[in-house]
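As written, the chain order gives the labels A, B, C and D, with residue 1 at the start of each chain.
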Amino acid sequence: MSTVKTASDQADPAILGKIKPAPWIDKPLVENKRNLHWVTEKICGIVERKTPVWWWWCFILALCIASFTGMGLVYLVSTGVGVWGNSNPVNWGWAIVNFVFWIGIGHAGTLISAVLCLLKQKWRTSINRASEAMTVFAVLCAGIFPLFHVGRVWFAWWLFPIPNSNAIWPQFRSPLEWDVFAVSTYATVSILFWYMGMIPDLAVIRDRAKETWRKYFYGVLSMGWRNANNHWRNFEMAYLLLAGLSTPLVLSVHTIVSFDFAVANLPGWHTTIFPPYFVAGAIFSGFGMVLTLLLPLRSLFGLHDLITQGHIDNICKITLATGTMVGYAYSMEFFIAWYGANSYESFAFINRAFGNYWWAYWIMVSCNVISPQLFWFKKIRDNTPLVWIISIFVNIGMWFERFVIANTTLSRDFLPSSWGYYSPTIVDIFTFAGTFGFFSVLFLLFIRFLPLMPMAEVKMVMPQADPHGSKNH
Amino acid sequence: MKNIFPRWINTVPIKLILSFGLLGGGIVAGITYYATPKYTRVGYQPTQPVPYDHSFHAGQLGLDCRYCHHGVEKSSHSNIPSANVCMSCHKNVKANSPLLEVVRQSYYGEDKDRDGQLSENEDLNGDGVITAGPSVPWVRIHKAPDYVYFNHAIHVNRGISCVECHGRIDQMEVVHHAKHLSMSFCLECHRNPEKALRPNSEVTNLAWTIASGSHSVSQSEVDLEQIHAGLEIKENWGINPPLSCTGCHR
Amino acid sequence: MDIKYGISATFNSAKDIYEAAGEVRKAGYTNWECFTPMPIHGLDAQMGLGRSKVPCFTLAGGITGFFTGMLIVWYMNEFDYPLIVGGKPYFSPIYPFPVFYELTILFAAFGTLFGMFFLNRLPRHNHPVFEHPNFGRTGDDKFMVVIEVDDPKFDEQETTELLRGLGGKSVSVIREPIE
Amino acid sequence: MIQENKDTTADSGKMYWKSLNDYSESPQFRTWVENEFPNGASLFEDTQRRSFMKLMAASFGLAGLGFSGCRRPEHEILPYGKSPEELIPGVPNYYATAMPTSAGYLPLIVESHEGRPTKIEGNPSYVPFGGSTDIYAQASVLNLYDPDRAQGSFQKEQKTLAGKTSTRWKKIQSDLILSKLVDWSGSGKVAILADSSYSLARQELVSELKSKGVIWAEFDSVDSISFESELAAKLDSKKPVRAIPKLKNASRVLSLDCDFMGNREPYSLANSRNFMSGRKVNKPKDALKMNRLYSVEADMTITGGVADHRLRLESSRMKSFLCLLGAEILKTKTKNDTALIDKFSDIGKDTSEHLNWARICAKDLLYTNGKSLILAGNHLDAETHLIVYFLNGLLGSLDKTVSYVTQPFSSNTGIQDLVSSINDGKVDTLVMLGGNPVHATSGFLDWEDISQKVENTIRIGFSIDESSQFCDYHLGCSHYLESWDLGLTWDCTSIIPIQPLIAPLFDTKSDIECLLSLLSDSRSSHDYVQSLFDKCEASIIFKDFLRLGVLKKDYTNKLKVDDLKSILHENLKPSVLEANSKSEVLLVPDFHALDGSFINNGWMQECPHPITKLTWDNALLISPKMAKELESKFPDIGLLPKPTLLNQTGEIAPDNAVFDNGYQKSPVVELSVAGGKKIAAPLYVQPGLADKTVVASLGMGRKNTGRVGCEAGFDSYPLLSNQDTRVLPVLEIKPTGSYKILANTQEHWSMEGRAIIREANAEKYSKNQDFATQMGAESHSPPIWGRDQDTDLAFKSTTTPRGNSSYEHPDHTYEKSETHGIHQWGMAIDLNQCTGCSACVVACQSENNIPIVGKDQVLRGREMHWMRLDRYYSSAERNGDEIPSDVQVSFQGVSCMHCETAPCESVCPVNATVHDEEGLNAMAYNRCVGTRYCANNCPYKVRRFNFFDWNKRDINQLYQGPLGDKNDSLPAMGKNPDVTVRMRGVMEKCTYCVQRIQEAKIRVKVKAQRTANLATGNDGADLKLNTQDLKVPDGTIRPACQQVCPSDGVAFGDLSDPNSRVSQLKSDPRDYAVLGYLNTRPRTSYLAKVRNPNPAMPDFSDSPHSYREYHDKAYPSHH
């Protein structure tokens, strides 16, 4: 009894100092205790080994599909916008739908690399490079449509504030003018972000290169990076700042895209909910696309140790969350339409669900709201093929969302006398299909010639990177 | 490993940046100078079928512009004189000058013997009237695009002189395009008409300046005086040139 | 013919170079550098380096961007050619805000990237350290310390000793060929 | 060539249009014009007017292929040798002339730009029409430039190759053909078959010809006058009897299948003008003074649309109904004459179910004694017209609301007599002059056979058509804008000169010229017309007559009938009770093609039918009831769409046709009548049709016509078994199993209870004058103008007040620059005056160079009309997915509203559409890049986009882009040089005819300056002008739509001037803005429609159906 008492009395404070809270062991982000060299080998290997045959097949196929867009656009420009299905009242057909669709997809990349970076989500490291690439390419695809949907594309430069002998300027009240700035900024910053992140990895490839062309190619690209701590210091700061800049950017871009509709005065467009609703949708579709792209890559290149089940789990959960937000937005629209007691507004929404485009609406709902709900179940999240299929559904659903928004409203707005029905032409369809080819071409080139994971960042989250070696068991 | 690139490479990037900057600047400057109406239009001086000398007729002889371009005060369009206008003098003056043959053909037309009578054998198309001959193919110099509706009458009647857009025609032996006449040119004057406004009587007097009446000496003083006078005219005549699209585009 | 650039020592783990760096600083060296395959947290402190200067460039870029935006909109829609559009004001800080906003971000981003390049003195494609036989491994899994010749406290003998003492492997002199 | 160029006159400033004598028309002149004149107005490099030059085979210099390099291509100016007097290049001239129609000459003033007639307006000196024109007159200028007209004169050549005979037309001199004709006439066995005409010149010549033994027969494709001669016969008067309505004095009108304001009846312009003037409601209390229209009709006509009470009744039962009503009138008027009453009521039995309707209607007609009128359609038989004459007499309306006269043109040999005399071999030379007899008689004449029996056949026609096919020669007939004539108006009270505005474009002859040469009269048509005029009118010299364009001279005689009753007794046959059971087909002249003469006119084809809204086609109209019967008879006919959820819940009305991807898919049926005559045609369910009536239109579906009309519609002439009965019993309608796609410009027919067209009954309006402003969301939203809500119109229009907005907003005094609007333009459209005649649509098209796009593009919803006419139906009670049979029709002309806070402007990224300081919503085509955002954001959907190069490409080859053919260049001659021709990829819309506004402003300013100069002698700063002189006087500027409107439904002018007509109208309590709650502040506002139903009538409802629909939607609880 007493001994115990005394012991407690004369407790040595130094002991307290020694006491450390037990480290919280979470799932390793790189499995099977791989070492740094393995990572380098794995990722550089993809770039350095000789081109696999399947790559060639995919590449050629993608090129063919991409040519659809090329042909479609040549026909469009030479002949007139009439070759598309657009008409009065539906003056914006697929073009704008596709634009919003691609821009939306473009959002996941920046989100993963920027927002998750700010939120200190370490698991992002193995997927952010690929999804940034996806962003850049998606934005390029998106850019095609607003540019070419105009009637006189050769005058599109009038949208930019360039001095001219007509002494007339752009009109900055127009959401389309805002788009010009938003989209071009987004494209530029995404590219900068993507490229800057790649510099150290390019340097690694440069240093490992055997063939001269590689030496020079990656040499030039890597800007003479030297892995010096001083470099790392500024690099990390710059990376953090770009992340900080990209976060408001990524939110603003889709907000502004949503203004194209929200600022108009049409029933079903003129709603304040659009910005958050569009951003959520964008993230949703973006993550859908990330899954669609990464799951095949993972198995093709055997990246299971780097893109772990944990990663897939997280992405699924985000998809589920955003999918649910989108669902909420849908229902809220209806509520407000009813609550606003504006007959034009309420009709617009009744017409969406039950009017002549009802099928589009219900495809949208079932793909975007219902299918992601499956991700509540661990079993399904673990079943990679199923996850992949659901991600495809998400993509389809989000395209239809834009279709529903853009077309149902236009086809039946204020005056019943000018109600109409829109249906696309073959040119619409091929031009859009072609952009997937275009996207694939770029993405294939990317996985062939550029490091598809940020090695340095992956290494950072490995135990070997810890200077105190505490995790170094 | 060894250095891939030689040492001198390190200065290349900065050189590149600089040279690209210069190149870009050069291109912009080039376009601004060579590819704008200021350059492409001004100075256009085609050779005309008849070497009509404005500096002689309008300058030395002091013919009023409206003697030939008689439509200018009534119409949106300032007409080119028809052959009979020329012939009203040149029946007597330089009656047989070979230079005027084109005009004479156009004037007499079917009337081959040029006696003013239409004899049987002359009436080729058999319509019983002297049909005029082929037109004199004057080459157009000033041309506004088809979607621009410039109206001569309103300008000439409201104190804007020919000289403002056409320059000193009365000093041109062969007429050339004097001003660039791009939209910015129009706007410039529509924004500050006072710089151009003058009394009606002086509209076709291309030599006129506000100074001709007064004793002002330096250019700046003249300009100042012009602006004062112009503002007064603007005020009293209720001049307010349109600055919106509908003024010129329909 | 060539000239010495510095003395390099290789280490195998982040932990080693972390401690080594501390020692080198204590030894009073100023003109030296660590080469690591990835950023190592705390190494800056160990080397006695302060906070990066990149943010200044970002800020400058951002401010320029915002006001450029405001300027062009004001000049084009209010000052140079005011046109009545939908009965809306010629200029207001509200309607063109997206433009200001995007330009702010764009210029800030440029500032950041080029700021980073400037502070790192990049691009520089030729550098003495590349002469080191297996410099390449520093991008892979090796860690390296290089103490430059033109460091005031540099003395080939001592420095080599020091680095060996810190457990640096294959301590060697980097030589740069001069043609 | 026209030859009277030499003499010129000093223009007596008074009259603002000149005679053709006053200027010359020579190739140099045209060349000169086309080259020097700068406003050919075209955005693309190779301008239409240059292709026009090619056409005129005149020299034009364009070195280099329009390649716009650093230096622009060399471009020549060709002035002419001798300048024509009276012509200032760039200033349009106006000439008085007239358009020949089957209903007399239509007095016109035609605008001509350097010798090219471009725009047609009515001649205000002819009072009954008050300067208005009908839609066909507007479109007729396009016929002049129709590339498919007979471009010269031809001889038919037949080749037989391998048993197959192929024919081609070889161009020959027109004079050659005429000289041949003269030779043949030697035999004295010449017969001429012509369409009827009101030409005095022709009448004169014809009598001469007759005296020379020429057989002169007349025939109209769609007969509208033969009943007049029959009536004359019954009333034993020598000349045909004509009833000329004087609707100005009428306060109660009963229209018996009579579309007196539409295209089916003559004099419709005067009728619309006079009748609608009786419906002007300037003050709320005037509402009760409004006239009232009872319409009993089988078809759904625009006249029926105006009607306050409309009874659907088969045409074959009209006489019966008339007697039913007549009996009621007799009962009160002449009680003793029971015999007649019995006769009437006996015939009336057939329609006894409408007794109540008839009784109250009769009561109302009698109530306003002497101010009421009964009108009967011209397809009804003489007997009916006789009864109408009788009843009008009883109603005391003779010479008050209608005058019965005999008209000067005696009836001629009919086609049947001609054919018989051909069969008797009395004819060896047949001349078909005008019209298109072969096509119209295809149902009952065998022309193969007839043409065998005559040696020589000559066709004198505007285009090579069905009739030409049976002739050896085709002599191109000049357009009326190319010919001289002297004619009468329909009411035969005014003589009008017809003078050419342009020398014949091709080697063609006018009918006068032909007849002159047949009489071997050497005079030119001009000399002949002049001499004829001098003969019949000495009071005024010819030149002044040409300036005036109209001269009052009454050619009619008052009709005197004694003992009408007995005539009536012997004419009234007892009815045969069978029409009741059978369904009938009613054949009416087609809206697009009229009798077939306008079938190749693109503007007419593309102008939507006012009721059906069909373009490029006609359809077999059937009633919803008949549609249901057919559906039950042939379940898979696919006539009515499956009801959707939205229909059944009453959310929106059902479509009245199957729409497949927005394309109307109509089942084609075969309709057969007695005599084995049958046609195949697509069905169209038309609300408001008599249950058993099928309406088919004549004139469409011609085989031998131009590129525009060749595939338009179906031909129902084959149903006719003789000329003058156009109501036939139907034997059978059975589906063929095939379908036809119809280009319908308005898919949805219901207003869905939206307060778009606001209507009330006269009575309600007189009590509650603010009903219009109490409708729509804005009626219960915060005030649009915030604190400035109650300021006056002028203030609002000059300083767009923004209520409580915290920003400084630009106003129309445009303080940033020195310019400020001294006018503020605005428009008011009185919905109560609109008959739906659609003339404004084509007038706008003609004035503003609006292209046609073809059926395929209309189907895609790409029609380009700046002014469109919306047509809505509303019905008493709607149950779910039923298509109503009894509907009220409401029309609304919609074009750009020039909103002050325009949604389109703020979304244009390039400042292509902005406001000007006078409140116009400007559209700068040359700045537009074509994002189409403006069109999306326009709540009125009035913006039109150039999806293709409509003006440049052949409309059948649009999809071939640059590889497709260029458009035919001839129509380009008709383009208005004051309006830009838009290229592909740019947006366009109504500009309030800004070209007219600007021209007017310039004219006024120049005038002010010059007069001030002369008055004061000052010319510098010492000259003072006040703003009032620089303002355009009210009424000077009239947009095309206002100028053409027969009922003055449109007012345009300066809103900042409280005394302008438009300001006056806008201060009317009925004034409202469509979709006002959007706060777009349209400068075009509408005056609500007032209907004037009779409370005693069985079909009376205390407010218009559309109002009830609105009320039910807006206040569901009250329902």
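Here is the rule we go by: a contact is a pair of C-beta atoms (placed from the backbone, for glycine too) under 8 Å apart; a residue touches a chain by one contact, two chains touch by 3 or more.
Because the structure is a prediction, the values reported are computed rather than measured.
Participant: For which chain is the distance between its Cα centroid and the global protein Cα centroid smallest?
Facilitator: Closest to the centre of all protein C-alpha atoms: chain D.
Participant: Count the touching C-beta pairs: is B-C or A-B ahead?
Facilitator: Between the two chain pairs, B-C has more contacting C-beta pairs.
Participant: In whole angstrom, how far does the Cα centroid of subunit B sit from the Cα centroid of subunit C?
Facilitator: About 62 Å, centre to centre.
Participant: In whole angstrom, what separates the CA-based centres of subunit A and subunit D?
Facilitator: Those two chain centres are 58 Å apart.
Participant: Report the inter-centroid distance (CA atoms only) between subunit A and subunit C in whole Å.
Facilitator: Those two chain centres are 28 Å apart.
Participant: Of all the residues in subunit D, which ones touch at least 2 other chains?
Facilitator: Correct list: 814, 817, 903, 906, 908, 911, 914-917, 927.
Participant: Indicate the residues of subunit A shared as contacts by at least two other chains.
Facilitator: 166-171, 173, 177, 207, 219, 224 - these are the residues of subunit A that touch more than one other chain.
Participant: Which subunit B residues reach two or more other chains?
Facilitator: 1, 4-5, 10, 187, 243-244
Participant: What's the contact topology between the chains, one of line, ring, star, complete, other?
Facilitator: Topology of the interface graph: complete, with all chain pairs in contact.
Participant: State the interface residues of subunit D toward subunit C in the complex, per the touch definition above.
Facilitator: Where subunit D meets subunit C, its residues are 800, 802, 807-810, 812, 814, 816-817, 900-906, 908, 911, 914-917, 1081.
Participant: Within the complex, which stretch of subunit B touches subunit D?
Facilitator: Touching subunit D from subunit B are residues 34-35, 39-41, 44, 46, 71, 73-77, 79-85, 106-109, 125, 127-140, 143-151, 153-154, 157-158, 190-191, 198-201, 229, 232-234, 236-238, 240-247, 249-250.
Participant: Over in the complex, which subunit D residues touch subunit B? Could you list them?
Facilitator: Checking each residue of subunit D against subunit B gives 1, 3, 5-6, 26-28, 31-32, 36-43, 47, 59, 61, 70-72, 74-83, 88-91, 814, 817-820, 822, 914-918, 920, 922-927, 978-981, 991, 994-995, 997-998, 1002, 1005-1006, 1009-1010, 1013, 1019-1027, 1030.
Participant: Quick check: in the complex, which residue numbers of subunit A touch subunit D?
Facilitator: These residues of subunit A touch subunit D: 75, 78-83, 85-92, 149-153, 155-156, 158-159, 166, 168-171, 173-177, 180, 260, 263-266, 342-344, 347, 350-351, 354-356, 410, 413-423.
Participant: Subunit B touches which residues of subunit A in the complex?
Facilitator: Residues 165-168, 206-207, 215-216, 219, 224 of subunit A touch subunit B in their complex.
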